[in-house]
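What follows is one structure encoded as structure tokens, with my remarks underneath.
Residue numbering begins at 1 within each chain, and the chains themselves are lettered A, B, C and D in the order written.
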Amino acid sequence: MKVNPGDLILFCTEEGRTYLIEATAKKFQTHRDSFNLEELIGKPYGSTILGAKGTKAYALKPTVYDYLMKLKRVTQIIYPKDIGYILLRLDAGPGKTILECGTGSGSLLIAFAHAVGKDGRVISYEKEKRFQEVALENLTRFGLAERVIFKGEAQGSFDEKEEVDAVFLDLKTPWDLLKAAWQALKPGCPLGVLLPTANQVSETLKALEELPFVNTEVLEIMLRFYKTNPERLRPEDRMVAHTAYLLFSRKIKEA
Amino acid sequence: MKVNPGDLILFCTEEGRTYLIEATAKKFQTHRDSFNLEELIGKPYGSTILGAKGTKAYALKPTVYDYLMKLKRVTQIIYPKDIGYILLRLDAGPGKTILECGTGSGSLLIAFAHAVGKDGRVISYEKEKRFQEVALENLTRFGLAERVIFKGEAQGSFDEKEEVDAVFLDLKTPWDLLKAAWQALKPGCPLGVLLPTANQVSETLKALEELPFVNTEVLEIMLRFYKTNPERLRPEDRMVAHTAYLLFSRKIKEA
Amino acid sequence: MKVNPGDLILFCTEEGRTYLIEATAKKFQTHRDSFNLEELIGKPYGSTILGAKGTKAYALKPTVYDYLMKLKRVTQIIYPKDIGYILLRLDAGPGKTILECGTGSGSLLIAFAHAVGKDGRVISYEKEKRFQEVALENLTRFGLAERVIFKGEAQGSFDEKEEVDAVFLDLKTPWDLLKAAWQALKPGCPLGVLLPTANQVSETLKALEELPFVNTEVLEIMLRFYKTNPERLRPEDRMVAHTAYLLFSRKIKEA
Amino acid sequence: MKVNPGDLILFCTEEGRTYLIEATAKKFQTHRDSFNLEELIGKPYGSTILGAKGTKAYALKPTVYDYLMKLKRVTQIIYPKDIGYILLRLDAGPGKTILECGTGSGSLLIAFAHAVGKDGRVISYEKEKRFQEVALENLTRFGLAERVIFKGEAQGSFDEKEEVDAVFLDLKTPWDLLKAAWQALKPGCPLGVLLPTANQVSETLKALEELPFVNTEVLEIMLRFYKTNPERLRPEDRMVAHTAYLLFSRKIKEA
């Protein structure tokens, strides 16, 4: 596993800062040192590179987590703590077809596209064209664009009927598209919804009661990082307090 | 998508209790009613079945999350809140080769096997033979056994050398196998460790400092469910307070 | 500081179980042993007593925290994690006059009565007479009854006008009494509200916007216990996930 | 309750910023406006004052919580979420004698001094003289200095023997003073310890096992604020992730 020209690498400095960059014949400037990236090409991943000032850095193999943390953002993104859990609940795995609305900057989309593999498909609806342009840029950079079909605004319904394995809704008024989600889903399959506010959770729960969905659950996930000094183990001083509530449910044929 | 004889279905009662069972010509008895499962065969997923006492139940399509919640347990299992995040950090996706030690009841193993798809492989070490027997039973039930290679106790090293895309350690003294993990990993690739106690976190961090690993992070994930009454939205009264701390790091070629 | 006949003691067994009981000439039966309480009388607090089967127990000096944990309950109580913080926000200290509505089992009331001392007063409104009877019983047991004035249901207003240092509301529809709270409070002084559901928080915030209150804050407090094995330090497996949201605000003279 | 010259007031702007300042014949400049504080003198608390640019502000009655949030800091302070709970566990109420080591900036000391009232006493040990100077300044400003006795470094023991109602330790190596704490405490009475790191928790638990203490508990408290828009109720984006672990125990006469 050698670094090839044009490869995306996770460039990690000795202080632990990381950058997702291309391995090309360029200088790379961090806030502390300057690195000649050409030196990495042809070397194995995990190799050390020395900066002009003598500090070290490492060429790591980027993971889907790194893609999620380093993507270009034009909207609030969904965080890995939530994405990992969403993947399990929506059964996102090789070969699946998943529908999401909306695209945003494409963070969840990247994770879906990674999970469904070459034989899977992700259909992503979004009313803001410029968001999808950024999402496409992100997907292309990570080699995942071919697995995704972009569509524009969902006008109360989706094109898909009883044909997708999971639906995920991330928009301000998800209750407007619950019926559309129901129509798109294969029976017995899971729905997920991202809801930043408690009011949206209540509204969505109310709307769900009118539709043939069962097994509804609402939850939130908190992630706390720790300082890594083994002699002084303790959590970081500050953390993300909230991203969104998550709701999951299951389509049935009829109520 | 119809229910075939022998299919695993997620059987969900109208009160919301779920059971992962086979669709066969049997009666299925819940604490409240009795259902003739044969009625479901040939019907679409999502169909409703009536019990002898008139209560309803639904045949849902099981997800990997359901497999994780309903597997046969002989050890403490790893929870979905942690598993989803581990999948992202270890880049578990189609075609990957992942090494884990130990197997336990196979909860993380199921998620790995699901994520790597038909072209991927999971190598799972475990010293207790009876745990692997249960894990194999779980994997077989979910149709994932072919993707897994079981091995016995890791005696200070793994058979694999610079050939796996990720390593995950879940044993009492993971520091004993950090060097082995380093040897097994392709350079630049991720390591994950599950650590129930703070003392184990400190011990592992100390041992890691002696080895060519960078970008180490420690964290914990908390998940809180909410009651789903839209007029009285509030968290559940009780929750899981702790499962384990998670540690992630990356192999480099040399320090 | 010796144990006198009739003293309330915190009886703590060697396994760590605690009981708030009177020191009298009685046998005290735990699930494991039987103790002759008379032996404690005249001995200093902190003394050890041996049970009939040879297990040890200790006579500890009860604190207000012990009162809160061991009071007789007829309603959901407010927890110490919330009570300690409420005391600070409402400036509950020696000599203050505090109004609360409703009494419930008297848990917050006990803390208020303890904090305001002999020169302070707590006025407690409650529509359910039987709750106040239990609260009085609890207060009397802890020697705090003289500091409390009980009143019945607040019919849209309180008797007190611009004369109390703080108001705390713990009832289903606190928005009905916000104006009454405003009237009772000395200007510039704090209001606290306990709200189990998110819907109640929204409703109260809306109602507050119509009244001369400023500096409104909403929050929740989570408390996690740890297992106390120094070699295996880790949180308990389960915890209380939610008691209630807390809201604090301040009365001004006019909007 | 009128604002007198020299009174400490909590000055709250219409955007919700708060300042703890003296009511004197001065201009007070916020980042948005300028206020002539003299206008407030003689007016009731809760009165509104207009700035030169027409924005409003309010003179609120400061609470002990405001003192804690607005004190002069030279060290990491203890937070109200922890202080409120410590007060309950240590039974800090009118007339009590409490010993703490060390003083720091005096945040916990202010809360103790407030709680014990005029008839109580707080003895505060600290090796850094300059910290106590700041703490004294804070106490004097809040009118609480008379209730406090300052002492220098505790050289392995405290002057007090079986005479204090509670001890609180907040120093790097609390295990060095556990025996001293035991000697100072009245039997059966509570000890509290503040521990920023997990390693310190383990160390303290180990040391406690050698001494006549029982009923030991370790815990942490998390506080999450919410945004106060009733139509979009949700937690703040970020929060304090960790201040310290808290340990509580009880002295017995002998093991």
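We take it that a contact is a pair of C-beta atoms (placed from the backbone, for glycine too) under 8 Å apart; a residue touches a chain by one contact, two chains touch by 3 or more.
Here the structure is a predicted model, which is why all the values come from computation and not from measurement.
Q: In terms of residue-numbered contact pairs, which of B-D, A-C or B-C coincides with A-D for over half of them?
A: Interface equivalent to A-D: B-C.
Q: So using the touch definition from the top, which pair is joined by more C-beta contacts, B-D or C-D?
A: Ranking B-D and C-D by C-beta contacts puts C-D first.
Q: What whole-Å value do you get for the distance between chain B and chain D if each is reduced to the mean of its CA atoms?
A: Roughly 45 Å separates the two chain centres.
Q: Between chain C and chain D, what is the gap in Å from one C-alpha centre to the other?
A: 20
Q: Mark out which residues of chain B touch at least two other chains, giving numbers and ranges.
A: Correct list: 198-199, 201-202, 224-225, 231, 233.
Q: Chain contact topology under the given definition, line, ring, star, complete or other?
A: Per interface graph, the chains form a complete graph.
Q: Looking at the complex, which residues from chain C come into contact with chain B?
A: The contact residues of chain C facing chain B are 196-199, 224-225, 231-242.
Q: Contact residues on chain B for chain D in the complex?
A: Touching chain D from chain B are residues 198-199, 201-202.
Q: What residues of chain C sit close enough to touch chain D in their complex?
A: Counting only chain C, the residues touching chain D are 1, 10, 12, 14, 16, 18, 44-48, 58-61, 63-65, 68, 80-81, 83-91, 93-95, 111, 114-115, 117-118, 186-190, 198, 201-203, 205-206, 209, 212, 214-231, 233, 245, 250-254.
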